[in-house]
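Beneath this line is the structure, given in structure tokens, with notes to follow.
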Amino acid sequence: MLSVLFDDEFQVVVRKRKKTKGMEGVVSGQERIADLIQETLTDANISIDQLAGIGIGCPGPIELETGIVCIAPNLGWRRVAIGEFLSKKFLCPVRVVNDVDAGVYGEYRFGSAMNAFCVVGVFPGTGIGGGCVHDGRILRGMRLSAMEVGHMKIASTSRSSGVDMPGTLECEASRLSIAAECAKLAYRGEAPELLKLGGMDIANIRSKTISQAIKNGDKSVERVVRLAAQQVGYGVANIVHLLSPDVIILGGGLVEAVPEIYLEEVRKIAKKSVMECYEDTFDVRVAALGDDAGAMGAAAWAAKNISTQAEKVGAVV
Amino acid sequence: MLSVLFDDEFQVVVRKRKKTKGMEGVVSGQERIADLIQETLTDANISIDQLAGIGIGCPGPIELETGIVCIAPNLGWRRVAIGEFLSKKFLCPVRVVNDVDAGVYGEYRFGSAMNAFCVVGVFPGTGIGGGCVHDGRILRGMRLSAMEVGHMKIASTSRSSGVDMPGTLECEASRLSIAAECAKLAYRGEAPELLKLGGMDIANIRSKTISQAIKNGDKSVERVVRLAAQQVGYGVANIVHLLSPDVIILGGGLVEAVPEIYLEEVRKIAKKSVMECYEDTFDVRVAALGDDAGAMGAAAWAAKNISTQAEKVGAVV
Amino acid sequence: MLSVLFDDEFQVVVRKRKKTKGMEGVVSGQERIADLIQETLTDANISIDQLAGIGIGCPGPIELETGIVCIAPNLGWRRVAIGEFLSKKFLCPVRVVNDVDAGVYGEYRFGSAMNAFCVVGVFPGTGIGGGCVHDGRILRGMRLSAMEVGHMKIASTSRSSGVDMPGTLECEASRLSIAAECAKLAYRGEAPELLKLGGMDIANIRSKTISQAIKNGDKSVERVVRLAAQQVGYGVANIVHLLSPDVIILGGGLVEAVPEIYLEEVRKIAKKSVMECYEDTFDVRVAALGDDAGAMGAAAWAAKNISTQAEKVGAVV
Amino acid sequence: MLSVLFDDEFQVVVRKRKKTKGMEGVVSGQERIADLIQETLTDANISIDQLAGIGIGCPGPIELETGIVCIAPNLGWRRVAIGEFLSKKFLCPVRVVNDVDAGVYGEYRFGSAMNAFCVVGVFPGTGIGGGCVHDGRILRGMRLSAMEVGHMKIASTSRSSGVDMPGTLECEASRLSIAAECAKLAYRGEAPELLKLGGMDIANIRSKTISQAIKNGDKSVERVVRLAAQQVGYGVANIVHLLSPDVIILGGGLVEAVPEIYLEEVRKIAKKSVMECYEDTFDVRVAALGDDAGAMGAAAWAAKNISTQAEKVGAVV
């Protein structure tokens, strides 16, 4: 996780990182976040009362008014009130948003989607996260954050991801699914380079392993990645039909590792799959800000939603 | 089509109907609309200068600022500037919206979705139309209307609807698809009641034919309808994951013909298919206003978006 | 239905036709068959004791030793002992076989599959029938005929045919499914030629209607036929992987109506879908004998399986 | 691999095993087989001229007259003339058959399918192998062995196995596919027992790991296995429709590890998916002879097809 302290003109004051260590439990996880924020403040020689507010981006659906993270399988979290926890600790307003919403808001304010009317982000990782900024605001439901694009059904397969509905985008196209397909290729002797680089343990088949195997000549691995990106292309076509965004942002480690291949397939499928009148209404782009997008977005969103005279905004993603 | 004249408190002054006769061409179609509006005014003894504005709901994606209907296959329309045409004819502001957006706005203002933060409508017919009112406004893209829910890919079939993407909700679950499946059942001797009522011509297998065949005992027909409603249930689950609406409205002739069956299947599949934290955040309902929803919505939307001192608002859907 | 009397060198003596009129019930149906055979004999001036035997091809699975037709939905038959009925009537041995098995045996003995080691026939119609001659014998199970190729699952769709298993070849690619898709195209204005020729009643959208609509320029109809033929191509790939036939025969009215299109798609998909080592082991051909294949095959099969000194063999399909 | 020497009453004289080590290349692989046979003879104190013949079962399609293995990805073999090689080495007739055909013939002669008219075996492993004995003979094509059941398309997914056709039984349901799904579950924290037992390396997620994880309480792993077995059930339904076997044999390591679960799902899906008249015509059973089935079948098949006065038959699988 990354903590960044910004001044009131969104210039970075201090940036600090820590491993998430999600498996150590909820209490430990919350404390690690608080520690990281405190260390950031200490490094910057800033006291709590100078802090205008905190914006934090967390995975999964968020209960927005209460700042509760509903479920974050990778952290082992279920209904964790991280907003209240941080607010009591740092005596300032806290805004909890979905991490991809934060990233998309960051790209909207400072990155590759500036001035877009409607921008949707699709970030494939262990799952596939999504976010949307529409007319200047993060698109949300009455109570919960929205844009869980990974749980959109796009296929008739029998495999399922974390929901009781088979054929979701996530189970067809997440980095984890790609890693599992690659492990099968390695086992069958069809991906010799990947076998050398990452073996058959899916925890070791990371975005960079995949990218390197493709560079080293594993055609079969490239084919798996293209196939997954095509599925994301269908997901984008669905999103265009539902929201008519003018910008689609692709981001996350896998996209950063193979940007050309990924962008080419998503764009090709999305463009050919939408109704003709939508074809020229949207652009597909790779995210520009990398890891900073989430922190900048969370901070900027908190700043926009907190009336204050204080000077600094911190953000954690 | 239906034309309704409302006073400034949205009470109906006059309501008139005419057959659409889409097959007679664009010019004739536009004239028929203008004639119907004129007849409505005449019946009400209202002159053009008493008309505050016109709201019109048209099928398919709409270019919102210019009032252009992008494509409406049932009317044979392609980029028809109906807004400008009516504006010149009746010398008043015209707001063109998608017909299902109009219907959903109507239900939001006057019907089964009053006070909803986010309401999405799904209306199966020849295709499957959709609409969304979010935080009081019709959800839209920068240039075009949105919520073309029928063109959302949800399956891996090889059949396609009007887009170059197979497996869309529309090709799996529209009334037209149901009619085609029923015709096959009739041909194979598996739907004797439907065969008596509607034969094997899909133009004669209307919503009421289907509903009557089920009442008369054609289990196979009921099964086809339930299967289609289940597909719509998956579409609703996708929409919940993307937009987190608090209300889903089902409407249109087919839903009105078999409301219990339809609602039961859509609700069942949607509830079980979403992430657990969304399960209690949305309600699935049948539309309350019938045919009036579209006219009331179009008129109310026009009234909200037109600054005027005049008294009456007309609407056509 | 067609009745043919052959002499002992398989030269046609008399050929007679009658409408099947399946809807009039089992008793009437059996009588019509007996009448047709009697008329054939009368025309040929042949008495019952000159008849060596009867071969009859019937749709659906056949209980081979007892000559029982298990189920023939188009005839409304369920466990009809047609073999015993004819045997008592004409006092001669009767061999009941599946109609496509008969046709394939006909092609194997006299038509486009002579000398094949293993030939499989795929005949799309209301359903999709299949047959196989392997090493000179009709391939069969212990009790029942086999090769119900139409009920092979090849897809993940939710639609089903006569079995409780969705995604069968039959529901994806039968002539009836094609007719239903065409009716939808006609309804949506995308198949104007077909609409003129056959309307939207699927009983009127026959093989010749489809073929003519394509000739007249309905690209969308051609697309539907190609798509269906591709599904048959996948079915053929499955059959190649299971049985390794050296010849595949395509037959029936639809194939006869659009032989080039159909053959092209089936061959293309089948060739590219099989394991490389099977690619050159099989040939895909159109049936050569038309309607006579079934009668000749049924007669030849009966002759081969009946030890007799009598001279003539009749066949009905 | 396993080598067994039988006397002329099919009693085992000597049984020897060796690791296959497929990755060491074709020459080495052939030599290892020859060495194993020689060691078997030596142990039995048998000279080459006492050897009546050799039967050998090899994976993948086999060119039967020439004894060539067409392709065996796990061995890295492509068109290897193992028959000729062994024949020259041991100066006796050699019969090369597909390994699952051998196993099914073994079960037919000595195991759980004795006296069956038509028995089909389905053996899931890295791929999914198949075999068929029909009326006493191994069912075959003119040139190649048949029953490559793993390459039968049964679904509309976009994933593919070794053929250019997505949605095959193998990519949906092989042990390798199950292992990959389990690795994903382990990664997402949904299969804690499997994670402890086998980690996330698919080469370590073996049949016994899977079986133990289920016993230890991983419901998600059980669900994956049941889902895969259901797909095999659809494959069996297809086979019943095509060949009407009276016995289906399930075998291989995975089936042996979870026989009840596997048999239950395959039988349930197969029985409910076939046409009613086939429902009571077939039985689904687990293989009885374990590893010996292949050796016994290969030897018995060779003995049946080799006219000889010599006493002993060897077999390797």
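A, B, C and D label the chains in the order they appear, each numbered from 1.
Note that in this section a contact is a pair of C-beta atoms (placed from the backbone, for glycine too) under 8 Å apart; a residue touches a chain by one contact, two chains touch by 3 or more.
Predicted, not measured: the structure shown is a model, and the values here were computed from it.
Chemist: Within the chain touch network, how many edges lie on the shortest path between subunit A and subunit C?
Modeler: Shortest path length, in steps: 1.
Chemist: Since subunit C and subunit D are copies that touch, just let me know if over half of their interface numbering is common to both, same, or not, different.
Modeler: same
Chemist: Taking each chain's centre as the mean of its CA atoms, which one is farthest from the centre of subunit D?
Modeler: B
Chemist: Counting C-beta pairs in contact, which comes out ahead: B-D or A-D?
Modeler: Of A-D and B-D, it is A-D that has more C-beta pairs in contact.
Chemist: Need the CA-centroid distance for the pair subunit A / subunit D, whole Å please.
Modeler: Averaging C-alpha atoms per chain gives centres 44 Å apart.
Chemist: So, what's the distance in Å between the C-alpha centres of subunit D and subunit C?
Modeler: So the centre of subunit C lies 34 Å away from the centre of subunit D.
Chemist: How many angstrom between the C-alpha centroids of subunit D and subunit B?
Modeler: Spacing between the chain centres: roughly 56 Å.
Chemist: Which residues of subunit C are in contact with two or more other chains?
Modeler: 155-158, 162
Chemist: Is the way these chains touch best called a line, a ring, a star, complete, or other?
Modeler: complete
Chemist: In their complex, what parts of subunit C are in touch with subunit A?
Modeler: Those in contact with subunit A are residues 155-158.
Chemist: Where on subunit A is subunit B touching in the complex?
Modeler: Contacts found on subunit A: 61, 63, 70-71, 116-118, 130, 134, 139-149, 151-157, 162-165, 167, 234, 237-239, 241-246, 272-278, 281.
Chemist: Which residues of subunit D touch subunit A once you look at their complex with the stated criterion?
Modeler: Touch list, subunit D to subunit A: 23, 73-74, 76, 126, 155-159, 162, 172, 176-177, 180-181, 183-184, 187-190, 199-203, 227, 230-231.
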